[in-house]
Amino acid sequence: MDVYVIQQIVNALSAGSLYALMAVGLALIFGILRLINFAHGDVMMVAAYLAAFSLFAGLPLPVALGIMVGGTVLIGLAIERIAYRPIRGGPEVAMLLTSFAVGQILQNGTLLLTRLASQPIQIAFPTPDVLQGVVAIGRVTIPKVNVVGFGSGMVILVGVMLFLTRTRTGLSMHAAADDLPAAQLVGIRINRVVAAAFALSAALASVAGLLYASQAGQINPYLGFTPVLKAFIAAVIGGFGSIPGAVVGAYALGFLEVIPTALGGIADILPVGAVSPEIDDLLRTIFPSALGSYRDAIVFLFLILMLLFRPNGILGGGAREDVP
Amino acid sequence: MLELVDLHVAYGNIRALRGISMRVESGELVALIGSNGAGKSTTLKAISGLLRPTSGRILFEGEDISRASTDRIVSLGISQCPEGRRVFARLTVRENLLLGGITRPMSEVRSDLASTTELFPRLGERMGQVAGTLSGGEQQMLAIGRALMSRPRLLILDEPSLGLAPLMVERIFEVIDGLKDRGLTMLLVEQNVHHALDSADRAYVLETGTITLEGPADMLRHDPEVEHSYLGR
Amino acid sequence: MSALRIPRRTLVLLLAASGTLALLQLSGLAFWQGLAINFAIFIILVQALNMASGFTGVFSLGHIGFMAIGAYTSAILTLPLATKSEYLPNLPGWLAGIHLDVAVGPLPVGFFAATLVAGLVAMVVAGLVGAVLMRLSGHFVAVATLGFLVIVRVVLFNADDITRGSRTFSNVTPYTNLWWAWGWAVIAIYVAWRVKFSGLGRAMFAQKADRWAARSIGISILRPRLIAFVAGAFLSAIAGSLYAHFITSFSPTVFYFDLTFRVITMLVVGGMGSVSGAVIGTALVLALAEALRRIEGATLLYGLGGILLAVFFIAVIIFRPSGIMGQREVDLDRVLGWRPRWRRGRPDAEPSRRG
């Protein structure tokens, strides 16, 4: 039982790191541009493909990672320059729709390139050795990718926080998010700050892409859709646009997600005779073994409730649009 | 130092400025007064590069800056302290001031922090405080301090006394007078016409996008039109 | 109103349209028949989204979820009893007994009834969901409705006993033909048109333009939004039913983001808020997608079509953000020969209706 609990906690922390890497990127860009960048998940997908093809080509891991991060950053910058800059400051929905279209381009572009490379749509990800296998601590065995994911996620996030609070470029991002015209008036180069935000967010997404692909073991051009939605939920939980909030929200979501999986069918895991038959019946009714497969539905229901009752996050107050 | 030549600005079909010309000489404090919607803010936005004029020129020390980017204009030496203070509410006082010097090398900016806090001791006491939690008067001090951090040769102040308590208004104008004594060139937009004309050397009156009056501040203060419309006498 | 007098021009056009459909039906050109049915189904989907989002400015990404509800509801209801007990053995008893596969002469009234029930089911769900979601603003409503779409998908995948889960749902009777599809498409266009130029429609557009101003003159915001959302859900479910009985086998994966994005593209290209624009946008994007699909098939460059469509979409948003028609309309009254009451003697009374 205790082993089970520990494993679930590690799962939650590992998923939380992945969501945090994604959610910080979403929050950075939303803070400055009021743009919900749905293409962010597809940027992450592209990173996974860059890593996969670099490794297929037999490049050493550090080089492959360099190509992954560098290539993803270039793509992030190109997207900002070509698609988002012309409609900057436009209606929110127009920006959101553009990000959907950008996502479609990335998905179909990846599809096209894999076809040209005579690869199937779904390919096995060549997970690097450091992320393969399990770590055993006593009776608890944990997939290495989860340990590395959680650890590297934390290190990177701390680095991002330092960058955002200790450097002038980081502070400029905050200033632009706080008050864009005032930021311009002090002489901040908005184009550069926005580009830096996109570059940073793409770099974070590339790490998330590597972790996601290593966990899943397989990649396809459509894998970014669910993670970006999850990252969005994480950002909403933390109060959209807030960077620390996004991190807190991501780990909260990691735990929230584990709950239906962990509790679903809990009666089957308990040792026989551990609880009275009445409680066993009750557990089977409230937490049927199918609960885990409804996980995403439960999480999105939670998102809708969050948007309604605490749109400024678990820490912020309520600010729902006041409609009679 | 600054010269606007036949400046026109339009928002779509609405002509906000219909050919205004004005100048600010080195060392001068020039006031720009006028009622709401006369085009004062539009003029300032055009000078700072937030708006593009449809025609006309904006010359700063002889260079036409009417098409330059805002950050370039700040680097050239024009700094604007915006209406409503607009401090970066979630950043600390110190961070606000540091960002004010973003166009300059970090080492110089650090040493300038000291001289700014000398001018505004209150800010010096609150360096680590988040700007959003300052009082209105303190935020105005911070906004001026932030604008000074770029070491401007021309400081533009947009409604610095708006919404402040009378005592704080006095304090703000003391600061403005002090800056003037140091020889800083300033362009002041102010609804408190009384105070503005007391401090200014010269003034322009803007009405519906055109300059209707201009001259030494002393003279305008006794102009019957100005007395009637803006001084409420 | 005195006895309804239908202008000769309308009759002629209706006859011409029916004649075209009849000719197409008789021609046996299966590809063109299929395309025409697809066109009609997309028109219904786009008009549904037009009402829900174009009229009100509340961006819904969830209406394909209602289409899914319509498709499954109607497909299950029309299964003949024999097939049903074998195909969906674990269906709840009350549902297992219903079989709307009856016909009166050549008319499959059971299909018509099932389609209506599908629409009503979607309306009830939309009423519940919308009462909650229509309070949200801007892009948050878009994301929340996307959340609804995900929830529908998860439920479809997991409710094995009713939907067969991730397995393909087949054995659907192929009721949908040119007449059903176009009959409903004309109804969808007509409903959208009437709503747009009603008091309710004006309330929808008013709160879209300025919700505070609308409030201050006493226009409720929630009510027009909710009505538009629910009406859009009804039409989407109708389209779902038509789709189910056209394609005859489908799985939950169809009703997801790609289809959502396709419908949005059609609406945005045509002009959000324009009924005639929605039809034009649908035709244009459908033709473009079909052409690109053929190019993909010929060159084997799968993915190219999706890229080009998305590029086209971004170009529209950048260079013509209000679409081909904006909120304006082709002057349908003039085309059909009507002289509406509001324009009698005042030729320019409704400038927004001119194309």
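A few notes on this one:
The chains carry the letters A, B and C, assigned in the order they are written, with residues numbered from 1 in each.
In this text, a contact is a pair of C-beta atoms (placed from the backbone, for glycine too) under 8 Å apart; a residue touches a chain by one contact, two chains touch by 3 or more.
None of the values given here were measured: they were computed from a predicted structure.
Fewest steps needed to get from chain A to chain C, stepping only to touching chains, is 1. Centroid distances from chain C, each centroid being the mean of CA atoms, peak for B.
Averaging C-alpha coordinates per chain places the centre of chain A 33 Å away from that of chain C.
If you average the CA atoms of chain A and of chain B, the two centres end up 44 Å from each other. Distance from the chain B centre to the chain C centre is 55 Å, each centre being the mean of its Cα atoms. Counting partners per residue, chain B has no residue that reaches two or more other chains.
Of all residues in chain B, those touching chain A in their complex are 48, 50, 69-71, 74-75, 79-80, 82, 86-91, 95, 98-100, 102-103, 106, 146-147, 149-150. Remark: chain A residues 36, 83, 86-87, 90-94, 96-98, 100-102, 104-105, 107-113, 115-116, 225, 229, 232, 236, 290, 293-294, 296-297, 300-301, 303-304, 307-308, 311, 320-321, 323-324 touch chain C in the complex. Interface residues of chain A, counted against chain B in their complex, comprise 168, 171-172, 174-175, 178-179, 181-189. Residues 57, 59, 132-140, 142-144, 146-148, 150-151, 154-155, 157-158, 211, 215, 220-222, 225, 257, 261, 264, 268, 300-307, 309-311, 313-314, 317-318, 321 of chain C are the ones that touch chain A when the two sit in their complex.
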